[in-house]
Structure formats: C-alpha cells, structure tokens
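Same chain, two partners: chain A is paired with chain B first, then with chain C.
Let's look at the complex of A and B:
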C-alpha cells in the first residue's frame, strides 16, 4: 500500500510540474506579449524595449524558464504584470473561492445524484422514469447552459443574487446557490445514471436474492446490503470528476462573475501575464492531483481489490 | 420511441443548417438600425376586427428609445412574401417591418436567421473536429496497439496525461498560443485541430484495446499467415472491428465540441463577433445585463444547443450505449 501511495504522490508531483512548465512555455510562445497589449500602440520602440527589460521579457524562453524554476523551488512564483503584485499573494484567495465552489457543487451532486440513482436503479415505474428523464435533460445541459438558465431564473424572480461572493456567511451561501447548482446539477445527473446502472447490476446478484428470501425487507436490502458494493462505480469516477469540476467552474465563474481561479486565469491569458497564467495553471494542477489522489484512496476503501489492481497496472 | 424523436430533431437541425440561406429571412449580417433588441415578430392570421388574412405581421414601433421598448403598430398589416428573392419567407416590406421570428439582437440583426447560420458553423465545426479526433485517435490507438512495446507505453502515458487535464483548459491553453485575430477560415481549421487533439485520447484508448485483443484472434493470424502486410491487416481487418466503439465515441464528442466552441467564443477566444455562431451570439447577448430580464430571445442559441445535445443523448440512450462518464463537456 505504501508503495502505491508513493507512486501516486510521484504522479501528482509530475502533474503539477509538467502543467506549470508547459503553461509557462506556451504562454511565452504566444504571439504578442504583455508590453504589446498594455502600452498604447503609438508607444516608441525604446519605451517598449525598456518595459520588456523591466519585466524580464527581453530574455530567451530558456533563460526565463530556468530562472522561474529556480525561484519557484523557493516558493517565489514571480510577479504578476497585470496586478503588479507577487503571484503568491494573488492566488490563495481566488483558489479558496474556487475550492468552496467546487466542493459545494460536489456535495450537491452527491447528495442529489446518489440517492436518486439508488431509487431509479432499484425499482421500475413512473418515479424511476421521471428521474431518468430529468437526468437525461440535465445531462444535456452542461454548466454553460445550466448557469445561463439559472441566471435567467434568478434575474426574473430575484430569488438569488448574481455576481460576486457576498459579505457575511449567510450572504455568501446565498451567492453560492446559482454557481454551485450550475456545476452540481449536471454532475448529479451523471452520478444518478452511473449509480442507477451499478444498482441495477448489484440487485441482480445472487446475494440480494438470498437476503430477500431470508425475509430481509426490501428497503434494507437496497439501502444497506446492495448499496456498498454498488458504490465503487461512482467512487471510480470521482477522480475524473475533479477535472470536470474545474472545467465547469471555469465557465460558471465567468458567467456568474465568481472571483475564482478560472476567471483569474482567463484575465491573465488575455493580458499575456505569463507568471500569473503559470501560477493559476499550477494551482489547478495541484487541485487535480489532490483530487485524483483522494479518489484513488477512497476507491481503495470502498473496493479493496481496486488498489491492488491499480498497483499491478502501475 | 424517444430515440426516434431525437433522430428527427437532429435531422431537422442538420437540414435547417444546410438550408439556412433558403430558410433564413435575412443574411446573418443584415441589421435594422431602428430595431435594436426588438422583440420577436409573431405572424398573425386574424386582425383586430376578427377578419382572416394570409399570414401577416405588425411592424414594431419604438416607444422608448432609452429603455428600447417597442409596441406593435396595429394599424398597419404587413403581409409575408413567400418564395421571393430565393428565400422561403420574408416580410413584404423588409425595410420598415422585417420578419424577425426570434427578435433582434443589440445590433438589430435577426436572431432567427443568425441561429440558423450559426448552426452551420457550430455543428460544422463539431462534426469536422469529431472527424479529426477520429482520425488522430484511431492512428494513435492503432499504432500503440499494433506496434506495442515502448511506443505503446509512450503513447498511452501521453493520452492518459491529456485525459486527466480538464479539457477546456487544454483547449484554452492551445488557443492562447495562436494569434488572437485570425481569418475565419484559418480559425475554423485551428479550432477543429485543437478540439481534435483534446478529443483524440478518448478514441485512442479504446481503439488500442480493441486492436490488441483482435490481433490475437484466429482470423488475424490467418490473414497474417496468408501474407497480408501490416498495413493491410490493420486497415482491412483490425480497424473495422473498432467501428462500433468509434461511432459511439463520436456521438459523445460532438455535443462536447458544440459546447466547447460556445464556451471559447463566449469568453472571447473563439470566433470574433460579426461571424454568427451559437457561441458568438451568446457572447454578444451576455454583454448586455438586461438580456435575462428584458431580452430573453437573445438566449435562443442556448436553447438550440440544448435541443441538439438532448436529441443526441436520446439517440445514444436508446442505442443502449453505456453511460460513459463524459468529462469533456
């Protein structure tokens, strides 16, 4: 087990390093730089050259990358051109906002999707049919459409505020509703469908029939005996879900003006603020790495065979 | 049953996209400067006195310039002109009372016509990108599965890596490397290429697994024993076995690509404004804060997108395709 964890940790570290290095190099390779975009077009070539020298954009990609890498090891991730502040100070607040949003969305998805999946997977009839249909509708509404729809509803009814994150704790929760639902509901549909499928398979297993034959009540069989073995399908995709939470939060942050990592990265990309782009990408990769690590361990708990399998494959 | 409805809606969507120049009352760039954000013009059959007429519309009259509020001018009936100027239907007085079935956008352009023309770009891009992902993914998968060894390791580890990353960020990063302003055709090709790269790993993994297992079967050995070359064995025998898998994957990728185009255009990194795509239309709509409360028709591209993705899902569901965890969207 410990070897397995070490391997996963190594992969996590590799992920963060490769993603931040790649985004640094890609951002630097992009045509046009911060100086071109921020100085007025009539600025003289001298002024531009001076600005480049000041920001360190006059050096080669290789030299700049090595210097960044050297500083990054000492946890200095450079200075944002756009905000004129160290990247290290800009990221934590935004990252916390994204984490709050993503975790709330995950909670919504799990609390709504899993129980409904157990219900629709373990019985037939109109209730299951309705759940299935709603899931299919939500599956066809990625966060882009869900958030537009929810913002539309919120603007019409005035039930929920849109934009910003609010002041007090209660106000924050109120602001969280629209963005968290926009990411959470499509995910809930995915989990519902997966759980229903897994439940259907487990219900057909001989041990379920045996339990029923011995007189255990139906609801106890479904919610107790059959639930745990059916959970491993969902546990297996939790690692992938982190990726889609980040993807979803990007769109939703832009549409609902939630000040998170995604909208910060978009601003940085547009302005060619290379250190900030790199910082955002690296933090995102860190989230991703933690998420995959966590889901690998969770899968090991729900399905002990999985960690051995992964170990063999790795 | 539901899969038939899905297939029908899809068919209609594709047909309207192809026939857009005939079905749309206006060209995507036509704009009526008097009618910024005007509401939809609804065709009527009866006038106020209760008399029946051939379909006609009432022109919009601006009542409040600042709030952009309009009222119907019930005194004038403008009949519709059918099959004139190579269009199915248009207003007989296009200059004064244009037919705008889904209202006008903030430039006074006909939203209905732009949704139809946008479908060409959005659906076309998704289709071309899915084709590209299929070619690229099959090539990678076939190479990895057939050659095996180090190549297999390198290719599969790379695809694993790309699959772990959130797709929209990969697309964003690749898009950001290209110049911000590009001619539309180049942009179309570049975006299709980016989406193909992002989608290819999902196809490559499955194709590799199928090629590997099929290769061990008797028919493959027989073909090899009969002297079939590697290329022949692959293209005539092994790759056809992946057909079913690839078709399902493509139906999963197409909706993801439609949404990806919309997302990129929405944040301003996709197609630029005068071009009509569903994403640029949403981008334009989002620039106006009153869209949600006062001009909901500007969100029609979102509805169109939902209908297409939903009908694709209906078709897939009925075809018994497994619920594949679809991270790409």
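Let's look at the complex of A and C:
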C-alpha cells in the first residue's frame, strides 16, 4: 500500500510540473503582457522595453522557462508582478482560505446531499419527489446564479455579511456562510442524485431483499446494510470533487470576494502575472492529485474490490 | 509678477457648507468603509498608475497644489502661495510652515526637489514623468531655502502650477538611499511594511492584507485644519475593501456593509440603486454629464492597409464623417446608457464648461450615403449594401473590449446603424490586454471602439493626445513628422495654446483646434454618460466630483454621522 501511495505522490509531482509548465508557457504566449497592463497604452516603446527588461519579459519563453524551472527546484517560484511578493509567500494563505471554503462546502454537501440521497433513493412518494425537484433546480442553476442569489438574499435580510473574509474566528465563520452555501448546495444536489441512484440499485440487491425477508426493518436495512455498498459511486467521484474544489472556485470567490486561490488565479491571469499564474495552477494541480488519491483510498474503504485493485497496483 | 492668493476656495469650506445646508453637524471620529475593484499595483505612485495606487496616494500623500475636482480650480496645498516671473516660466512657491511627514520629520524644499528627481530618475517607465514635462522637457526645480522652491518651466506654460497637482511629495529621508542605489522603482512596493511608509496625507497605511483590504488610520500630524480650527481628517479610520464583483459591491452598499464605492454607478445598476435611494438605504447623486466619452477611431497610420483594396476608403475622412452622420445619438444614448447620457461630437463634453466647443452633427443617413458615394462606395448590385468600385463589400472590423457592457452595447448600436446605410461592421470583442496590444503595440487593426480618458480638463495637460508626436495621439501616435497637414496645424496651435498667457486667447486657439478636429474627425464620439454616485446615508461632508474617485478625492473632509 505504501508503495502505491509513493507512486501516486510521484504522479502528483509530475502532474504539478506539467501543469505549471504548461500554464507558464500559455500565459507567455497569450496576447499582451504585464507591461501592457501596468503602463498606459500610450506609453512609449522605450518605457515598455525598459519595464520588460526589468521584469525579465524581454527574454525568450525557453530561457525564461528554464530559469524558472531551475529556481522552482529550490522552491523559489518567482516573484509576482502584481503583488510584488514572492509567489511562495502569496500562495499558502490563499490556498488555506480556499481549503477552508472547500472543506466547509464539502461538509455541507456531504451532510445534506448524502442523507437526502439515501432517503430519495430508498423510497418513493412526495418526500423523495420534492428532494429530487430541489436537487434538479440546484443542478440546473449555474454557480454564478447561485452565488448572486445567495448574495442577494444576504443583502436583503442582513443575516450574513457579503464579501470579504472577516478577522476573528467567529467573524470568519459568519463570512463563510454565503460562499460555502453557494458552492455546497449545488454540490449537495450532485451527491444527492448520485447517492439516490446508487441506493436505488443497492436496495434491489439480493442481500437487501434477503435481509428484508428475514424481518429486519426497512430503515435498518437502508441505513446499516445498504448504505455502505451504495457509497461506492459517491466515493469514486469524491476525490475529483475535493480536488476541483480545492483548486478554487473562480466564480464564487470573485462574487463573494473570498480571497482564495481561484480569485488569485483570476487576478493573475487578468494581469498576465505569469509566475503567479504558474504557482496557482501548480497548487491547483497538487490539490487535484491529492484529491484523486484520497478518492482511491476512500473507495478502498467502502469497496473491498477496489482495495484489492489498489493492492495489485502496489 | 503674478501672485496667487492663499485664500482660494477649498474643498473643506465647500464641504462644510454642504453639511450646513443639510443641518448635520460634522464631528471628528468614526470610521468608514470604501471599496475598490482591484488592489493597487504598488504603494509608490511614482511607478504605478492605477485606481488603487491613486487612491492610496490621495489618502496618504499631499501635493504642492491641488486641483479641486469639484470646481477644477487650483488650490494652495503644501504650497501656501506662489509667484510667477514676467515671462510666466519661473515660479517661486512658499511651503506651508510647520508641515511634518507622518513619521514626524519636517517637510522642506529638499523633499520637493527630491520628489522631482525621483520621478525623473524613473525615465519613461515612470507614469508621472511625462505629466511633469512640457513639450518633452523637464522642469528645473531648486530649493531656494528650507521653505521656498523655485520651479522653471522650459517654455512659457499657461496652466502654470496646475501641473504640480500630478506630483505627491515623498520624504527624501526615507527614499534617498533607494534613489541613489538606482532602486527607486522597487521602493515602496506592496511588500513594504506600512511602518516604512511616510507621507503628508490625511491618513497613514496601517495594514494591508493582499486580496482583502487596506486599512488607513488618521495621520495625527496632518497639516490641514477645518475652517473652525478642527484638526483634519475627521475620520479616525478608513478601510478600503477589495470587492472585485460590481454586483456584490452594490449589494454591500445597499446592505450597509460599505459606505462608498470609488467609481460611479454603472447605467445598468442605476434602477436598483435608485430604488434603494428611494427607500432611504443609500444616497444617490446625479453629477451631470461626465468629462469622458468612449470613442471610435480607425487606424490612420499611413500604409497601414497597403495591399488591401479597401485602402482607398478605410482611412478617408468621409468614412468617419458618414459614420458620425449615420449613428442616431438618441438611440445610442438610450441603448447604451439607458437614456442617462448626452450626445457628444468631439473629445470635450459639455461638462468641461471652460473648454467645450461643440458642432452638433444631425442624424442624417442620406447625407452619410452621399459621403460614402463620394469615396466610391455605392450599392452596385441592388442588395441594399454598399460596394466599392471593384464590387467588394463596404465592410470593416471593429474591435472592442470584451466584458464591458457599455462598450459591447455601443458597438452593437454602431453595427446596426451602419447596416442601415449599407456598411457591414464585423464586431470582434477582445480581452482587454489583447485589444491594447492590437492598437498600441502591433497596430494591426482597422477600427477600435474603446475608452480614451483625458487626465485633466485643461487641454495643455493633454498635449500627448493633441500633438502628432504624442503617445496618446491614438489614431497614429508618435509620428516623427505630422502625417497630414491638419495634424501639423494642430501641432502649431496647441503649442501656441499652451504658451498663451491670456485665457481668452487660449480658449480661441483651443476652439480652432477642436474645429479642425471636427473637420477631419480622427475619432468619432457619440454620447457621454451622466455620472451617478452612491454612498451610505451615514457618509457626510462629501463634495462629489465628476472624476474618480468621485466621493473620496478630498478624504480629509469626509465624515460620518455619529
């Protein structure tokens, strides 16, 4: 098992290098650069050349990439043009904010989506119909609309602050509600749908029918016997969800002014801050790789067959 | 010798008047939360020009003179008074006595000299270097004594000390080492601890959290006092929160979570803000038509369309005049700005009362078709669309910026209006930087619709726009010799306009320049939006101005209801 984990971590490292390198090259190839943004359009060619030389943007992509790669091995990921700080200093704080938001949203999604999925997948009637309807509404709303709607509700009611992150722990929790719900509710709908489908399949399985025939109560069968095997589907995608959440949700972070990795990446892209783009993309890739690993390990816990495959791979 | 009196109208006094009219007592203390969309690129205004850096500069630094953004008059600021030589080239300025930086060091004439040196040392890369030059030459600045500064312009410059509004005065004792080491560009970047910054402004930076907020505390050593002797600023603290999304920003204002935005209300948000204002949740002010209008221009660089059969008509004056005639400015204002705009015909809008010259163009599609026919564009196959002599369609590509609703709506109107006279416009929206690269670097474009803002209402300060050699002469910038006779004529007139000591003569010359511009129409203007600003109901003593930051240009006077 440990060999498997080491191999997956090596894969994660490779993924980070490939994604970072691709991001850097693409950011350099995109039209315009940081100098175009920071100097007015009418700035003289001499002024722009001077600025490019100072920032190292006058070198070829290859030369710049090799220099960055050499420095990155020493954990120096360059200096952000936009924030005038080492990328290494900027990323951890933002990644931590994104992680807090992602894990809270995941907790909301899991605690809401999975039980509702079990309920709607294991029975028929108005309750499961209502759950399915709400899920479909949430699924069909793009994150932009969900965020705007929640921000609007928060503004109208005054229950929650809109935008920012707060300072004290309590204040932060208060600020977390709107962005966490904006991400968590649509995700809860995804999990509900997956879990309902899985539960629907498992509930018809022979071992469940046998348990029912033996006189075990339906709710006990559902929550004790059928739940674990039905989690396989959710566990399979859970890691991907974790990974993509940790990479930062651009839309929600921008609309709710949550200072996470997504909004940092967006600022960096807009400003053609190539080192910061590279750092954000690399961190996102790292999160995604870790999320996938987590997913595989979780799948092993709920599905022994998957665990065997992991052992074989190791 | 001309001498300016120290008792000019000040932002404070007019603000106090406003407060008196509304029967609200202005008291010191309290805090205010403002918001900006993006954070500053630097704390050093000498190296960075953006809305954030500008706001930081307004809050934490002071200038020798200040242009009152509400009246456009020059006010004494760090300089109490000044006198000019007979030829209008040399000025002697007396500094306000007893002024100290926020770290307690006294302001002296050496700080002024140093500030000029630092800006000039940055060369063309510094955003202030051009603004502090006249006809491409630097000002000579010297310290006569500790409280007297001598400034000599390279030529007679009619706006005189107005130019000094561009320069925040920085402390020599803090930055001299960086200047000597050739590292002034790296000084006071965003990673600089706030304790290392020092300024003469009403506030000091207390905290900066990237991506979240900047916190400014009252500068207890600020040199200005209110008319009643109260120490300024009134506020104890100003927090500037970074809110990238405009919708969220407005909702936060309505919810009372912020007090002020640093820009105007967008036309599409006006209705919502008006409802909130009617409900007493926010204050909304209509400041009238703005100073700037977006504009359409063609690439007029000679040879830009070499080999293209459309070269025969793409750069002709008649095409641009036809466009001006073909677009119904009423429809334009209604569609783009939802009616909250006024038609404009040149680079000056009616807001610039001192310098505006207007020659309205009536909406006349028939006249537009005639003009196009005069350059060989007629409907040759009866399909209602125009073709050139070779049967090729009258068609061009218009670039604009993606993601800016005003611009996107504008080009849609232009496209539809030109279709009515038989001209096909292919609209291409580009991301901001890609667009700038197209027209400012590669210069590979046919036409652009974009924002070209003036930096001041005085035309002399916008020399780089008018002069053919200027970097903001956007249709064909940085020309070695004027490409056309009319540009040569404008070059001559603008130089005379800058040097003319008589304001009436300056106005006459500028009218001539605007008339030549209207005759050849290198840039076509359609409508200038009205400017609306919104603030929380507790924010008082504000004198809103048309230019950004409309509510915070005089932060020392701003107060809140306790």
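Brief remarks follow.
Throughout what follows, the second predicted complex is superposed on the first by the 294 of 314 C-alpha atoms of A that agree within 3 Å, B and C clash if a C-alpha of one lies under 4 Å from a C-alpha of the other, contacts with A are read in each partner's own complex, and residues count from 1 in each chain.
Note that a contact is a pair of C-beta atoms (placed from the backbone, for glycine too) under 8 Å apart; a residue touches a chain by one contact, two chains touch by 3 or more.
Since we're looking at a predicted model, the values are computed, not measured.
When both complexes are overlaid on chain A, chain B and chain C end up clashing with each other. Contacts of A:21 after superposition on the shared chain: neither chain B nor chain C is touched.
When the two structures are aligned on the shared chain, A:148 is found in touch with chain B and with chain C. Judged by the touch definition given at the top, the superposed model places A:31 against both chain B and chain C. Within the superposed three-chain model, A:255 lies in touch with chain B and with chain C [touch as defined at top]. By the touch criterion defined above, A:128 lies against neither chain B nor chain C after alignment on the C-alpha atoms of chain A. When the two complexes are overlaid on their common chain A, residue A:84 makes contact with chain C while staying clear of chain B. In the superposed model, A:292 lies in contact with chain B only, and not with chain C. In the superposition on chain A, A:264 makes contact with chain C only, while chain B stays out of contact range. With both structures placed on the common chain, the touch criterion links A:41 to chain C but leaves chain B unconnected.
Applying the stated touch rule to the two superposed structures, the overlap between the chain B and chain C interfaces on chain A comprises residues 30-32, 148, 151-152, 154-156, 254-255, 266, 270. Across the interface of their complex, chain A is touched by residues 38-39, 41-42, 48-50, 123-125, 127, 185, 189-191, 209-213, 241-245, 247-249, 251-252, 254-257, 430-434, 436-441, 464, 470-472, 474, 477-478 of chain C.
Residues of chain A touching chain C in their complex: 30-33, 36-48, 50-51, 54, 82-85, 90, 93-94, 148, 151-152, 154-156, 158, 161-165, 254-257, 259, 263-264, 266-267, 270, 272. In the complex of the two chains, the chain A residues touching chain B come out as 15, 18-19, 22-23, 26-27, 29-32, 136-137, 139-142, 144-145, 148-149, 151-152, 154-156, 186, 190, 193-194, 197, 237, 240-241, 243-244, 246-247, 250-251, 254-255, 265-266, 269-270, 277, 281, 284-285, 288, 292.
Of all residues in chain B, those touching chain A in their complex are 161, 164-169, 172-174, 176-180, 255, 259, 262-263, 266-269, 282, 286, 292-293, 296, 299, 302, 305-306, 309-310, 312-314, 317, 322-323, 325-327, 329.
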